[in-house]
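First the structure, then my questions, so here it is.
Note that the chains are named A, B, C and D in the order they appear, and that numbering of residues resets to 1 at the start of each chain.
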Amino acid sequence: MKESILKHQSGEPLEICIKGQKIGRSHFTMIAGPCTIENYEDLHTVAVELKKMGIHFFRGGAYKMRTSPYNFQGLGKTGLEYIKKVADETGMISVSEVVSVEDVEMIKEYVDILQVGTRNMSNYRLLLKLGKVKNPVIIKRGFSSTIEEWLLAAEHVIEAGNPNVILCERGIRTYETYTRYTLDISAVPAIKELSNLPIIVDPSHSSGRREMIKSLSWAAVAAGADGLLIETHFSPDNTVCDSKQTIDLEILKDIIKGNNKLLNLWNKN
Amino acid sequence: MKESILKHQSGEPLEICIKGQKIGRSHFTMIAGPCTIENYEDLHTVAVELKKMGIHFFRGGAYKMRTSPYNFQGLGKTGLEYIKKVADETGMISVSEVVSVEDVEMIKEYVDILQVGTRNMSNYRLLLKLGKVKNPVIIKRGFSSTIEEWLLAAEHVIEAGNPNVILCERGIRTYETYTRYTLDISAVPAIKELSNLPIIVDPSHSSGRREMIKSLSWAAVAAGADGLLIETHFSPDNTVCDSKQTIDLEILKDIIKGNNKLLNLWNKN
Amino acid sequence: MKESILKHQSGEPLEICIKGQKIGRSHFTMIAGPCTIENYEDLHTVAVELKKMGIHFFRGGAYKMRTSPYNFQGLGKTGLEYIKKVADETGMISVSEVVSVEDVEMIKEYVDILQVGTRNMSNYRLLLKLGKVKNPVIIKRGFSSTIEEWLLAAEHVIEAGNPNVILCERGIRTYETYTRYTLDISAVPAIKELSNLPIIVDPSHSSGRREMIKSLSWAAVAAGADGLLIETHFSPDNTVCDSKQTIDLEILKDIIKGNNKLLNLWNKN
Amino acid sequence: MKESILKHQSGEPLEICIKGQKIGRSHFTMIAGPCTIENYEDLHTVAVELKKMGIHFFRGGAYKMRTSPYNFQGLGKTGLEYIKKVADETGMISVSEVVSVEDVEMIKEYVDILQVGTRNMSNYRLLLKLGKVKNPVIIKRGFSSTIEEWLLAAEHVIEAGNPNVILCERGIRTYETYTRYTLDISAVPAIKELSNLPIIVDPSHSSGRREMIKSLSWAAVAAGADGLLIETHFSPDNTVCDSKQTIDLEILKDIIKGNNKLLNLWNKN
């Protein structure tokens, strides 16, 4: 890769500050929560539990990209309202996906950190629009995108005016079908070599297998990731979406316990 | 694949009629023209030459999806005006890409057939919007989409109200780097088995290599494709975009000559 | 690819002559027959039927590479004896796989053309050994090998002393699971550009789907392939191995009928 | 995967004992050393340095699988003699690749642990032969093999009589070219779920990038791997083979220091 194709991703590691929390090379950011928001109570319950564990970021989907037109598409604006309410009540920072350019203006008022999903990584019009807002943006790697294309997606947002981009590795599509996607763990050191942006890892979508989340989370942290994004619910078997890859709160506690031994490998806190 | 996931793609092959031309299993549709529209004169020149060869459809890009923010993004609305003018003057049918949901209302007035690019195949909001227009829609296969996901993308458009969908195989991403993508020729018989929609093939983007276009075009027709979409220009070496995969008019004539021997394999005209 | 890495594959197209038949760029070679030899009678019956259709080459497996140790491994030497007997009785040319270096000396006495399977393409010791025999060698592409690696596999055989190498595209492994492998049709023009060796196509293993063989065979011929290798049996549903991808004799007749229209595209006979 | 396809890989984790060292789920096995043996002195020097760090296993290639016939093929039997001499002098355990069935009888006398390379994972004749020897066998994953095919390769060896099989993940081939292969870190928890065999990781061949070895090694250990296989040399830039992926002794020391913090995540020593 010619690094010269990137104007904006060299120099000191980027440090993003939001509601008193820092995201970047010297910190570790844990984001957890349900795949899809189903109702206010459940979202609130999960967030409160996460906060008790010392987690500052919660996620939850209001708009979903669904392969089949016959699947549940999310609660939409109602979901956004629940997100905002829970964030206000708990003081936590919210993360949620924006699936289309025309939603950006609205969603940015409800959600702290906007996420671009894997199927939208090359939706350049959406990226340009996100370059015009102030919210930090998580860009998930396209599941068949090269590292270079992914960095260029970030470049679109930054060039358009928003420097606060976080990259999220979430697995790539390969011939192996035992896991849903193949977590490209090498992307972590690659991004740290090529870019100053924070790089986090989503072990849930990569594997599609709940029993692997602990192993993959620790692998990501040991590889030097700046954070994790994990689908978590107090009762994973009773969720409408992605329940096979969602962990419960007990496993999350185990993961965090292990992480604490790992963070000093990379001088993070 | 459970075929029952598709409500709308069984029964008699779909036949799309537009400006007196038919697209479908019993016909063969040749679409040619430049990657990107650079100016009115060149587009007009190409179209007139295509018409002399008996071709009824021309393509040309006004809005481009570019991996790098620092590349040429297309002429935009000016390009659309050229397309309309050339279509009106020649009586030909135009094909051009729509890259974002907010452009659909405008573009549908300028262009006959709207194309969804490979990076937008899973842009469900765009697909829903295209379900609300009357123009036929070409859906290029996502370069890492399964046949099932591609058929479901078509299903989004049809379920939303527009039955006139054409599928276009344009190569998938694999480990092989000699070609830009790997043309999945098996997708042609697969789509004919699973769906009643017309299936066309784009040998230009699949291979990225001008010297292969004749072989791949004939392969597609012999495999039973309902049409071809080929990047063509009177002077490929002088184009701003994709010149390595663009053929000149002489090669196109050769391809057509061969096609005429192939079409009766599948009882097409 | 640096073509200079190949010392032996430039210049005039290679023409292999065996028992009065020619294999190369100006000819078309049809090879058909069962996946595995089950008994003498069936092999003989198939061969006689093929000969009636004007086919000069028959295939049949005596040694099998089986992923599981608990699967049928082939008749071994008994199978070789059947092959030789059928070849002698019909005057046809036989093709069979050699799976290991220590079998070469023996098999070369029983079989006319030796085949290297996809899992052995990088078995360099076997390739070197085949460079020391006089029989022509078919090298199937490794299902995850690049075109460059495949040409280098041929180079091993030629450098070791045997110039009579035929390349066979048989599908590569990709993320798509609808077909067993993805037939890389672009490999046909690529090999013709880069090498003087004959290139044939195996549509049976590529697709794993009997109903696609006709489409893929015609695609291969239209793309310019120098031959086809097709699993064929008089009663495919009653074979022990690969029955889902084996065609019957009627379909083979249809394929041949179509081929005759296609061969003059490339001035073959 | 139907686990019932595996007769021999259930029950208690396998523990392999060799020269007083144990390999298995409760231990951590570090194997290091040069890609190719170039001469006795260098091999000896590396081994002595490894031993000083507390490492009990050294590797070195005497027979190489080379894609091009024009590349260095290894020292052959002379290399084996160096391996035996160094093992005898240092008391260390040696690991080296066997590339062909006819070499097994000889190599087993010189080398403690026999390695099957990625290109030979489906060389079933070789696997059967290794089932007849007493040396433990490392089976590297075929770079395009599924986890199921890999477990079945192990099954061939075990069914043939040798229970002492170690699996080694070494990267799979994907579309991403920034790294040489894509390390499939998920294979570690997958193998631990599906099999009782030890699973080790080779970060060197996976990435082809020296600067990533530390990150990937720690990732593997944190994911629960039972060992690492790392190409190491006292002067990597002066090696004939794979120098870009070979680390020096200082980096290896760093890796070991980190590992010691990680091993208690999985109760290993």
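Convention: contacts are C-beta pairs under 8 Å (C-beta built on N, C-alpha and C of every residue); 3 or more make two chains touch, one makes a residue touch a chain.
Please read these numbers as outputs of a predicted model, since none were measured by experiment.
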Partner chains shared by chain A and chain B (touch criterion as defined above): C, D
More contacts between chains, A-C or A-D: A-D
Gap in Å, rounded to a whole number, between the CA centres of chain D and chain A: 34
Rounded Å distance between chain A and chain C, as computed from the means of their C-alpha atoms: 48
In chain A, residues with contacts to at least two other chains: 144, 173-175, 177
Chain A contact footprint on chain D (complex, rising order): 1, 144, 146-148, 172, 174-179, 182-186, 188-190, 193, 206-207, 211-212, 215-216, 218-224, 258, 261-262, 264-265
In the complex, chain C residues that touch chain D: 5, 65-70, 99-102, 119-120, 122-126, 143-144, 149, 152, 155-156, 159-160, 173
Complex contacts: residues of chain D adjacent to chain B: 173-175, 177
